[in-house]
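Each structure below appears as structure tokens.
After this come two complexes, each holding chain A, first together with chain B and then together with chain C.
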Partner chain A sequence: MISGWRSIRVDVAAWAGLTPFLVFALFPFYWGLVTSFKADANLYDLSRNPLWIAKKDSSGQPYHKDIIVPASYREGKIEWKIKIGDRVTRSDADPNPPAIALIDGQEIVGPVAGRLAKINVPEGSTAHPNEVVGDIHVDNPTLSHYEFLSFTPFYRWMKVSLLTGLAVVLITLLVAVPGAYSLARLRYRGNRSIGIAIFLTYLIPPTILFIPFSQLVGGLHIDNTIWSLILSYPTFTIPFCTWLLMGFFRGVPKEIEERALLDGATRLQMLRKVVIPVVLPGILTAAIFAFTLSFQEYIYALTFISSTANRTLPVGISVEMVRGDVYFWGPLMASSILGSLPVVIVYGLSLNYFISGMTTGATK
Partner chain B sequence: MRPLVAPTAVSGAPPMQRLAFFEREGPFGYALVLPAILYLTAFIAYPFAMSIWLSMTDASAGASKWNYIGLDNYSKVESWELIANDFVIFDGDKAEAQRIADQHKDEGKVVTAPDGDRFKASLQIGSHTIPVVETNGEDDATYLATTILNDLDWQVHGGKVVAHAADSPISFGTFEKRGDANDARKKSVLVDSTTHLKANGTGVQQDPNFLLAVKNTLKYTFGTELVKLFFGIPCALLLYKKFRGRQLLRGLLVIPWVIPIAISGQAWLWILDSTYSVINWLLVHAGIISPANIFNFRGDANLAMFSLVVVNVWRGFPFTTIVILAGLTSIPDEIIERARLDGANALQRFWYVMAPMVRPILMVSLLFSVVFSFTDFNTIWIITRGGPYDQTQVLSTYAYQVGVNAGYLGKGAAISLFLFPIMVVTVFGMLQWLRRENM
Partner chain C sequence: MADVVLDKVVKKFGETEVVAGIDLTVRDREFCILVGPSGCGKTTTLRMIAGLEDVTAGDIRIAGETVTFKPPRDRDIAMVFQSYALYPHMTVRKNLAFALELRRVPKAEINKRISEVAEIIGLTPLLDRKPRQLSGGQRQRVAVGAALVRQSGVLLFDEPLSNLDAKLRVHMRVELKRLHQQIKSTMVYVTHDQVEAMTMGDRIVIMNAGKIIQVGSAMEVYERPATRFVAGFIGTPPMNFFEGEIRNGGIALGGDVQVALPRAVEAGRKVTLGVRPEHISLHAGKPHAAKVPSTVEVLEPLGNRTIVTARSPAGVLQIEAEANPGLKPGDAIELWFDMSRAHLFDQASECAL
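This part shows the complex of A and B:
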């Protein structure tokens, strides 16, 4: 009984102690998530609590927009152009808002941000210039920011990032696995120096190399293509994964190798059929890291790729979702949340590998 | 285990001399590591050499020919300017100093008289005559002395009266040679003052923005490391104990480190928005600040730097936590148990038993963290883009600005290469320390 209480006390103390740190660590994600579901009218309403989605504005009304007949219009009958449930526009800053109603053949154009929930106008009534003919309600919370992403190259960027990541994982493993085995297990002249030299490439990070590298990919005529990324990313994944894997290879008992060789296997067969199965967790860790590192990369992708269509996800979101000084916060947060998913999934599935990789990478 | 190939040598030592070339340890080893060496040579060593070469040319985007210009991108002085900030006008009696400072505008006047073929300007304040400058032209001397008398801020420190140029220092002329400027310093400035020579030129070292970027890089790096430890150590200690939900909390804590900063940084941008910042909203609604005084996080140079430091700590402290946690878990339980039995309390156990054992790994986390912050481009580029007005530019972002945005490849390469020596010194210093520690 006493020990039970004691363990609960330990639980509570640990949770309480960690809460402030967790709030700090996770708040930006919470904030992005809440924002991504808010209709613009709510997003820019300072009178409501921004930490939660408000159902109604400060006057107690659902979020809505008045439909005003422009002064230059003739009097006439109102007919509807849009239906309830239609996605209207992504934001109040849309440069080409769609038509929302028709008065005697003349269009009234938006902008109303979000998906329509309700139109408050008696159909067939007469509209007079300068008059409010009714109002339009939008959904709040809304999925319109997420729906909007299919009107941007978002999924194309996602594809570029995923493809690059997979290609980089492949190249990295092909180079780093044999390299790490050789450096960790085989004795030959220069073995130690090569290992150190590979480690020292940490001293020449992409922030030093991006300018000459941009000339290099230009010279190879692969600038502006995914190949420039597939070629450049292994420069940081290979050294990292080689060092990571060397730790794992050192942990393989020497006897099983000797036994295989005595049994007549060639060295290559021994490596493929005996050693690699043993270090599979290490290889998985290396693959996860190669993928995460290449998914996170920014400066090469920013420098080498200039066409909107070939951008990677991080660059696409940060560069193309902003027009001049105008940030489209709703779609920006929606794309950030969706864009984080690949790494979150990989991370969630391999939490223990990931954390062991973080520490072996740093300590070996 | 099933034999893969029928055994050939059943008894005795394996016949070494009969092994095929690639069955020998050396050739096999070289063959396996060769792809890594070739890849890294082609795509790290070669671009690095190219970077050094580029930094010695006038290469720019679109130019068909690059010319070798030596070290001009690094440093090229075209002229030397002699400037001064503080002039000691009087040093003596306290009351008299106060009187001079109070009355100088009403009582003081400038007297310029020829002195050989030059002109000497003095300030006359009450009974004091203080020679201040000597120049070739009469007007120059009068002008400089009048500026000192009327435009500077006269302060009293003890018995000293100091005329202080707050915003822009006073220029005593521009010279082609450093020697000429030094001569002028001796001959022109007669009053005790803090003068220095400012180099004007086209090299990055003469660029005030570059110097600012170096300063910001150091601020950004070393301003965050202690804070990361300050957050990371308690987190690691809390996660060290076994409790329900430990795996979950550890997993959640690492998320900032996993998500690309270019993506999570968007949420930070929105948190730091000039109008809709949630921090401002909370502060206003808690009654701490008034709506008129909300923070413009990215519009003010100091706040912008502070915001960058916060975001860097946010992203980096999970890493520090995990590395320290690994260090703690590697301490054998018996050692801590024995300390407990010896009567050490929790704090003593931490300070005398755990801390010394974790120290090497603490240094490793620090090393990685320093390298990471030092070469960071993404955070700064996303959050402030070096702004406002280049005030938060660091070496990497400034290199991008100059080398890619402005297209001066050579100069951009020179700026980013400045990262290299500092990295080498930091990393080797820390590795040396670690090696000593491990012995």
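This part shows the complex of A and C:
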């Protein structure tokens, strides 16, 4: 009974200790998630709870947005295309946005997503430039930021990032697994110094390397292609994963390798049938790290790729969704949330392996 | 026929000579034990037989065929490792089948052999478990089983029982001995435990500092140790040693103790007298018994007998007395050395005289 209470107390203490870390770690995700569903008008409205999505503005009204006739338009008779209560879709990125009204044949498009709440200038009356012809109740929360993404190259960037990540993982494992095994297990001249040299290359920051690398990339005529990233990312994933895997290979008892040799295996069979299955958690850990490192890489992707279509996700988001000093906060956060999904999924699927991998590496 | 012949085998790690040119013939179907203190080269010798270590010089022949430079897989050898070396990602059945599958043994034959071996060593209910679901003793049995299914000519054991608790160790000792009587393999068994060496093997090879000191059956090495090292290594409690000099047809030990010798040795020679604890008595009466006055220091009752540690002018010694010797620490006693069973070693060469 006493031990039962003690274990409960230990649990409570552990959770009390861990909760601040959890809050600290999860807060950016929470902030991004909430922001990605907030109407723009709600973003800067600190009078309401900024931590949550407010239904009403400070005057107690639902958030609304005026429909203004552009200053450059001619005055003319207004012809409404929608009725009060109808949906207005966000049209700022749509190349062919649906019109909500026509003024002498000139289209008025929806500035935000919401519902038409009020018509100031009734059907057939004359509307003037700069006149407020109506009013939209803004959706809050809104999915419009996510809809906005389909009018940007977001999914294209996602594809580039995923493809790069997968190719980098493949190349990294092909080099790092045999490399780490040989450094960890085989005795040959200079294996210690090679190991240290590999570690040192990992210590050189990309901010120093990107200039010579961009020369190389240009010389190979692969600038502005995904190949520039697939070939340059392994320069930091391979050293990292090699060192990570060396620890795992060292943790494999020598005796089971020797037994495999006695059992009739060649060295390659021994690697394939015994060593690699045993260090699989480690290889998975290395794969996840390689994927994450390449998925979040910024500086090479920024400098080697200049066309919008070939950008990776992090660069695409930060370059294309910030125009000058205008931050598209909603779409920025929506794309950040969606962009973190692949990593979340990869981690989630392999969490058990990953943890056992980390602890095996730690204790042996 | 799977005899193992070591011919002037030398192993050096860099400048250090670990095995210093040993000659040994392990006969077909023999249970041969390599025993010695740690670092004596016994495990290295075994690993050279297995092909896991290169041989620096000399030759190894198995069943008449020189295998010195052959890889382990071509040597018809199975080995049980100290740490069991089970493949952690495979079930027991896969562990047993692994070597046979690599050698392309037909499936039906593999299954037949696995069920035979599983029956012999009591693994049948465990075949579908993974190694981590087994106890230490069960893992040990799987390791032995994996070596047995190979039906190889030579079976090597590298301190296979040292990770087991004392009770299980005694049990497995008997099991392995029984196994040896059932199967046709030659067994080479490495241990640092002289009790294992004494009880299990047909022949014991005692090694020290990379050399073979003595080869013989348990009783041979016990009764006729070739050197002081063997005499001290074999037997518990260990033999008592006293430094002395041959004088007046006897030995003058330290503290003016003089014991008579039943045989003649040249006078003036520096010798070490070795007497086993069971050959020292609290009672006079035997012929060739030499009297040594002593003081009782420690009593260790073992139930069927008592180990008495006593201090004599010649040095501290241990004797095996009856269960209730009626002594207490501090008692002055007279000890009687059975000199007909005593051993003499030359002090310089440490060889038996």
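In the analysis below, the second predicted complex is superposed on the first by the 256 of 364 C-alpha atoms of A that agree within 3 Å, B and C clash if a C-alpha of one lies under 4 Å from a C-alpha of the other, contacts with A are read in each partner's own complex, and residues count from 1 in each chain.
Basically, a contact is a pair of C-beta atoms (placed from the backbone, for glycine too) under 8 Å apart; a residue touches a chain by one contact, two chains touch by 3 or more.
Remember, predicted model here, so these are calculated numbers, not experimental data.
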By the touch definition at the top of the document, which applies to A:L203: first (chain B), second (chain C), both, or neither?
first
In the superposed arrangement, does A:V278 touch chain B (first), chain C (second), both or neither?
second
Applying the document's definition of touch, where does A:E255 land relative to chain B and chain C: first, second, both, or neither?
second
One more residue to check, A:A265. First (chain B), second (chain C), both or neither?
both
Check chain A for residues that touch chain B in one structure and chain C in the other, and list them.
259-266, 269, 273-274
Can you tell me which positions in chain C touch chain A when the two form their complex?
50-52, 71-73, 75, 77-79, 81-89, 98-99, 102-103, 146, 150
Touching chain A in the complex: which residues of chain B?
1, 3-9, 14, 20, 22-23, 25-26, 28-33, 35-37, 39-40, 43-44, 46-48, 50-51, 54, 231, 234-235, 238-239, 241-247, 249-271, 273, 276, 278, 281, 314, 317-319, 322-323, 325-326, 361, 364-365, 368, 371, 375-378, 381-382, 395-396, 399-400, 403-404, 409, 412-413, 416-417, 419-420, 423-424, 427
Chain A residues within the chain C interface of the complex
253, 255-256, 258-266, 269, 273-274, 277-278, 280
Under the stated contact criterion, what part of chain A meets chain B in this complex?
7, 10-11, 14-15, 17-18, 21-22, 24-29, 31-32, 35, 43-44, 46, 50-51, 174-176, 178-179, 181-183, 186-189, 191, 194, 198, 201-216, 231-232, 234-235, 238-239, 242, 259-269, 273-274, 292, 295-296, 298-299, 302-303, 313-315, 317-318, 321, 327, 329, 332-333, 335-336, 339-340, 343-344, 347-348, 351, 354-355, 358-359, 362-363
